[in-house]
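Next up, some structures in structure tokens.
Paired with chain B in one complex and with chain C in the other, chain A is shared by the two complexes that follow.
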Partner chain A sequence: MRWFIRRAITAAITIFASLTIIFFLVRVMPGNPIDMMVAQLIMQGLDPEEAYRRVMAMVPFVPTDPLWKQYIDYIIGFLKGDLGRSIHYGAPVTTILTYGIPWTVFLVSISLIISFSLGVIIGMYIAYKRGGILDRFLSIFSSVTRAIPPYVIGILVVLIFALQLKLFWDPVRRSPILGPYDPRIQPGFTLEFISSVLYYAILPVASYVITTFGAWALQMKSSTVSVLGEYYVMAAEARGLPERRIVISYVGRNAILPLFTSLAISIGHIFSGSVFIETIFSYPGIGRFISASISNRDYMVISGCFLLIVVAVVLSNLFADLLYGKLDPRIRFR
Partner chain B sequence: MAGITELKNSAESALTSIMSNMKFLFKVLRKNKVSLAGFIIILVFAVMAIIGPEVIPYDRTINIKNRFLPPSWEHPLGTDYAGRDTLAQIVHGSRDVLLVAFLTAVFTTIVSFIIGISSGFIGGKFDVAMMTVADIFLVIPSFPLLIIIVTSLQKVLSAVEIALILSIVGWPALARAIRSQVLSIREKEFIESAVCLGLSKKHILFGEILPNLLPYIFMNLILSTVGAIYSQVGLYYIGALPFTATNWGVMIQTAISEGALVNPRAIWYLLSPLICIILIQAGFILFMHSLEEIFNPRLRTEA
Partner chain C sequence: MLRKWLKISLAILLALFLTLPLIGVVPAQEEKIVFRRLWGYNPPPVGHWNYFASGCLPTWLIYEPLTHYFPANGTYLPHLAENWTYQDYMVFTLKLRKGVKWHDGSEFNATDVWSTWYCIYLLKDRAWYYLKNITIADRYTLIFYMSEKNDYCPFYILWHWVALPRMIYGDIARRVYEKIRQGYNIFADESPFVDLRKELLDMRPERPIGTGPFKLKYVSETEIVLEKFEDYWRGIPDIDEIHLLRVTATDVAWQMLSEGQLDYHWAIPTKEQHDLMVNKPYWKIIGVPRPVGITLYFNNRPKRPDGTPNPLYYKEVRKAIAYAINRTEVAYVQYPAGATPAKYNVGFNPAGLYAALNESFIETWLKDFTYDYNPAKAEELLRSIGCTKGPDGIYRMPDGTKLEFTMKAAGYINLQAMEAIASQLEKVGIKVTPIWLDAAVFFAPEGDFYQGRYDIGVGVYGGASFSFDEYYHKYLHVYPGHGMNPIQKVPWREEPINVTERILYAQTYPAKCTLNELMEIYAELSYITCSEVPVFTLYSPTAYIYLNVYTFGGWPDPNDLYWMGLGSYEAHGSSYLFRWLLIKPNFNLTISVTPSVGGTTTPAPGTARYTKGTSIKVAAAPASGYAFKEWRLDGEPAGTSPTITVTVIKNSILEAVFVPMFGLTISVTPSGGGTTTPAPGTYTYVQGDKVTVTASPAFGYNFKEWRLDGKPAGTSPTITVTIDAPHTLEAAFERIPYELYIGVPVAIIVIVVAVFLILRRRRAVKA
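This part shows the complex of A and B:
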């Protein structure tokens, strides 16, 4: 338990550090966006008081206060769930986040499940068939796909499956199928809508899976190989247990354990990738809001999305630690 | 005086270690065709970046009549939305991309090297503090952090500045890895005997530990280059960096905003930077595979 409390404190420090970094970048640094915005409004002919009032409506602190007070206000605002307002959309950042979260979670979780299961199965297979063609091919394939950015994969997927093969092509609008669902269908709990959402998710999910499943397979392979050398596997074989049972309950169950920790870490990577994938596929998730807000210079939205991602990653890391302790009794007694 | 001779000796031993590894590198490259392919790809791109812009001029005049031409003798990779040569943009972009990537790799390696070695060597509270900072940076997703930093700076950044920013997110993983290498090397017998011989700390650090870290650092130099290309082109593509440079990311972004995802005629303009990125990243990774063989003696005997 003490070990877990220590992890929880580190998690809190991480979130606190991210808040501090954002506050420094957006408010403290010379030539920071808030000062620039006020200067711009004054140049447009507003008197300073009015300019400050406009900016104040956007940020969760008073820009004329001393810096330390602004910092404290900012952190208190964050704890209360106030991340400021968007300049572009005119809505509180939290409203925008609650709109984007379901789409991102939907896309990310489906991709993660598919990529993880595919990787685990392939990884176990090549661990049993070490040195084969698939083994050699996959070890190069996965290290190369890890180095190729997701935007390259995403664009290629669109070019191949939409533009060339016309599998995901809208003949009426003469464009690839992009977005969360067919805009001609009324959103609702209908079969038509759900199948449209699933159909539109195929390409983005495929892009995620292509970039990530190789890494899972490699990790599963090395984990399986190390488990195969354990005495309890040999003992199970000596007892004449059926091969199927050894593979699943003896080797598989133990080999998959270390991958759960990586699962939590990979959530951070996948969020980084979601900025690209959601931009390419015009998917209205958190990543798309980040990229759209860059050109609008909508700092409150960018930092709000960033904080959300940090909190998600930190919490999933914490959850993984807890889960790992539950799954692997050896950890608990350390 | 003693310090200088010591440094000279350690530099010599580092040099011999590099030389012997170089000899072995060529031996491996001759045998391993995949790594040779990677090595050649890197060489081609390096030549392209260093002398390419001098040989192939980039004519910026807009000529709408030549919009999205397919490849021809005059335009080997076709033209862009304004009738400009795609190949020239690729060549000029390669200098920009590789320069930033190289600088980032150097900065990242130097910073993580200093932090990793001092953390492993000094230990104690300093070690704990440094590694806590590294852990925090490791958990914070790097690409969104880069976006925030770059957009808040809101000015045109030079290649050195971009490289410095990219190395902010690059150092923690490498510093941690170098620290653990230092810790494991410190426990080896030859360090123990050096301590028993009464050799100075400086000698142990530069003469004993450093040469053993060199191959490791070299491999991470390549990994940082790969990571830097990934994020730098990404930042241009996403529009976080202003479109001042001729960069592959800028090409991808303009190709898409000019309708390359709906217009099959624009495919050459869009595919050129994409294929370049795939080639160079694959080249580095394939080359790395041969390095692993050199630096990991266990793999060496198997091969």
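This part shows the complex of A and C:
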């Protein structure tokens, strides 16, 4: 209990410190949202003075208070659950985040489950078959796909499967299957809508899985190899236990322990890992808002998104610590 | 047991998960005419339909301006406005078109335009500097009263701002008007209008209501779909839907474009992107110079901020730099797909050259200021002021100051182009170091650009008015800028002129400055820019418009001035194609002949694409042994004349039907036994014809029978033969037997007479 309280306090301090750093860091960035919008209008050929006047008239508010006052207001707002208002969009940040979170969680969590499961299975397999051709092939394949940036895989997936092979292609709309669901279907708890959501998720999930399963596989392989050398495994084999039971109950359960910690931490990175995939596949998640808000210097949205990431990572770390204690009775915290 | 059920449940869930998406949704097959183009937008909830707030979704086909403006010749084409007058630059009277409907069925009238403009007031639009009041004279007439003479407002009334619905914006407009009536003025004090402006900007209409040819169907993450407005005042559009596709991955977008999945695109492409499109047969590409280009701004001060002498103070150095830069080469480094180098260093875009300056002036005064690439001349200029080249290859001023400069940029140009310039200048002994900065910092009022903290800065040029205002008003009057001496001379005037005063006076056009004076000022400032080179205009990018001529037609001719207006205001400008219902779908007209050897047509048989409404004249010519029978259009008879005019309204098949011709040979037997009608001989008939032949025996003959192809075919003297193959028809006559007809009666008479005579002799004997 004491351990938990200590960790909770540490987490809260971490979040508060991150909040402060993020608040000042984004404001130290060159430019501000007003000047960004003015610069965009100037680029379009508008007179700079006219552009400035136009922007000042169109933005919902202009932050004119001193920075320290803005910071205090922000902290107070955060404690009340108000993360401020987007200068660029005019909407509350919580509205923007609320809209994006479910889609990001849906996409990345499915991807994570699939890539984790696939990685674990492949990792164990190549650990058992180590030294063979399959081991070499899968190890190299895992390393290569792990090294390729997710946005490259995403673009390739669309170009090949949607545009070239026309497998994920809507012949009526004459466009690739992009977005969260078929826009002609009314959202609702219907089989039509659900199957459309799952269908449209195939490509982004596949892109994410391709780029991430390799890491899990290699990690699982390494962990399995180390477990295979343990005496209890040898003892189990000597006792004549079925191989299937040894693989699952003795080797698998022990080898997967370190991966659960990584998995718990990866859950925290759900929000940060989705930027490129969501941009390429037009998914309305947090990632899309992160990239747009950075380009627009939209301080409030940047702060809100990064805060979300920090909270998720901190909580997932906490969860990972708790989980490991439960999974491995040898580990106990005081 | 539990584990077993858990495993089974997991297996079922997994199976469901894998198969559910594969059930798929089979999209309904729709036969619609759909126009597709790309458009970047923020989907809801951040994207919205409030025209006045930042983040508004695209509305350029939903809302309409009052006219269409052609920038190339400055003309306005009436649209929602029927006509207008501008009295003495003070009273602008606008007459609106009657019979225009909003998408919700209500009528468009003067109140809508009035409401729009009083909402614009809240944005402090510059037009309201000049506007005093707007009144509604009648249901379709508005009068705009100016507070001072100006030539500014008509552009914004007629073209820049669209007409917005009173149903959405009317309430706020009325409250704004009330505030103005109470004596408040937003330009003097914003505070009474802050709440109203917040209310205006925070509005989130559920859907837009416009007068345009298309209305909103739905918006999603990946597309905005507009459907045709059946009550559009110009007529029903031929396009059923317009899809604005949001494809965020550029590679995917260009791949779709190259495969013809889109119908229109506007871009400033990379060379690779442009090359994807160049050789495609169904794409027509039009290059349009952008009105905004890149200018080098020189720091004209005698000393730099650190107090050291500034070589750029000397115009010979500035001119040397001008001669040393190959603008064409640099233009293509930045825009490999195409760019337009500036010809004369007048300081503004080449597209507006002949609008701002007359041709004879250019020929007389500016022809020596093209600054064509000439590195030798550049070095000659440097040596003429005593510069010498050091051992490091860099020139030095007579006072020893090296010709070493920094070139600061934050946009318009790219790093490759800057490096190309630096490389070219290095060849003539001038060292330039490119520095890239953040745009929001560099172009801020207190940033390096406007404060003149640079040796060479990279900025923008536009039209004459905008550019001269930048160089000679903002820079010398409002901000430190490039620090040029404002007092300059032109050869045709004895006294020097103050360039700042001249541009400020030009901005009073038409209130004070006349048109002739304005042209004179432009001439003076152009000459000074050319001769003194305070700035050096480089090039403007070429925007490319890609037209899919396979799917749609009706595009204006590539040489039409209309396209020049799409260098900027692209969406606003391209919507003209839809508002005037110019764009129509192309359909296939397939011409075929039946049978294939029966003949030919002009145009030749085959499939060609025609724009809807095109009339095509088709002529049929039968082959030898065939005759033209009829036309069949989509299976239905369409005429028997060998020439037909078809108006294309959908995919159609036009079939020329030919029929073979067969001979019918009529003969008589025996010859002389009679005749036929038609007379014996060989005749050619079209297959299927029914020919009636009548036999007429000659004297002494009787008609016996017909023989068709040698076989008995009837004994009636008239026969009808169906021409389905070559036939021979023989009329068989038989001779009448005269022996019988004469001999028998004679014999009877002789026998009777003989019997009589015999009987008389016997009686005589008995007696």
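Criterion: the second predicted complex is superposed on the first by the 264 of 334 C-alpha atoms of A that agree within 3 Å, B and C clash if a C-alpha of one lies under 4 Å from a C-alpha of the other, contacts with A are read in each partner's own complex, and residues count from 1 in each chain.
Everything that follows uses one rule, which is that a residue touches a chain if its C-beta (ideal position, glycine included) is under 8 Å from a C-beta of that chain, and two chains touch if they have at least 3 such contacts.
Remember, predicted model here, so these are calculated numbers, not experimental data.
Visitor: With both complexes overlaid on chain A, does A:Pro284 touch chain B (first), chain C (second), both or neither?
Guide: After superposing on A, A:Pro284 lies in contact with chain C but is clear of chain B.
Visitor: Counting only touches as set out at the top, which of chain B and chain C does A:Ile248 meet: first, second, both, neither?
Guide: In the superposed model, A:Ile248 contacts neither chain B nor chain C.
Visitor: In the superposed arrangement, which partner chain does A:Arg184 touch: chain B (first), chain C (second), both, or neither?
Guide: Second partner only, chain C.
Visitor: Using the superposition on chain A described above, determine whether A:Ile76 touches chain B (first), chain C (second), both, or neither.
Guide: neither
Visitor: Name the contact category of A:Val313: first (chain B only), second (chain C only), both, or neither.
Guide: It touches chain B, and chain C stays clear.
Visitor: Answer with first, second, both or neither: which of chain B and chain C does A:Ile160 touch in the superposed model?
Guide: neither
Visitor: After the superposition on A, what does A:Ile22 contact: first (chain B), second (chain C), both or neither?
Guide: first
Visitor: A:Glu192 contacts which: chain B (first), chain C (second), both, neither?
Guide: After superposition on chain A, A:Glu192 lies in contact with chain C alone.
Visitor: I'd like to know which partner A:His88 touches here: chain B for first, chain C for second, both or neither.
Guide: So A:His88 only meets chain C here.
Visitor: Jot down the residues of chain A that show up as touching in both complexes, chain B in one and chain C in the other.
Guide: Of chain A, residues 31-32, 36, 155, 158-159, 162-163, 174-176, 178, 279-280, 297 contact chain B in one complex and chain C in the other.
Visitor: Which stretch or stretches of chain B touch chain A in the complex?
Guide: Those in contact with chain A are residues 34, 132, 135-136, 139-145, 147-149, 151-155, 226, 230, 233-234, 237-240, 252, 256, 261-262, 264, 267, 270-271, 274, 277-278, 281-282, 284-286, 288-289.
Visitor: Across the complex, what residues on chain C touch chain A?
Guide: Within the complex, chain C touches chain A at residues 17, 20-25, 27-30, 34, 36, 42-43, 45-46, 52-55, 122-126, 197-198, 201-202, 218, 220-223, 225, 243, 245-249, 251-252, 255-256, 259, 261, 290-292, 411-412, 438-441, 443-444, 460, 462, 466, 469, 568.
Visitor: List the residues on chain A that touch chain B in their complex, please.
Guide: 10, 13-14, 17-18, 21-22, 25-26, 29, 31-33, 36, 140, 143-144, 147-149, 151-152, 155-156, 158-159, 162-163, 174-176, 178, 268-269, 271-273, 275-276, 279-280, 290-291, 294-295, 297, 299, 302-303, 305-306, 309-310, 313-314, 317
Visitor: Chain C touches which residues of chain A in the complex?
Guide: That would be residues 30-32, 35-39, 42-45, 47-48, 50, 53-60, 86, 88-91, 95-96, 99, 154-155, 158-159, 162-163, 170-176, 178-180, 182-185, 191-192, 194-196, 198-199, 201-202, 279-280, 282-284, 289, 292, 297 of chain A.
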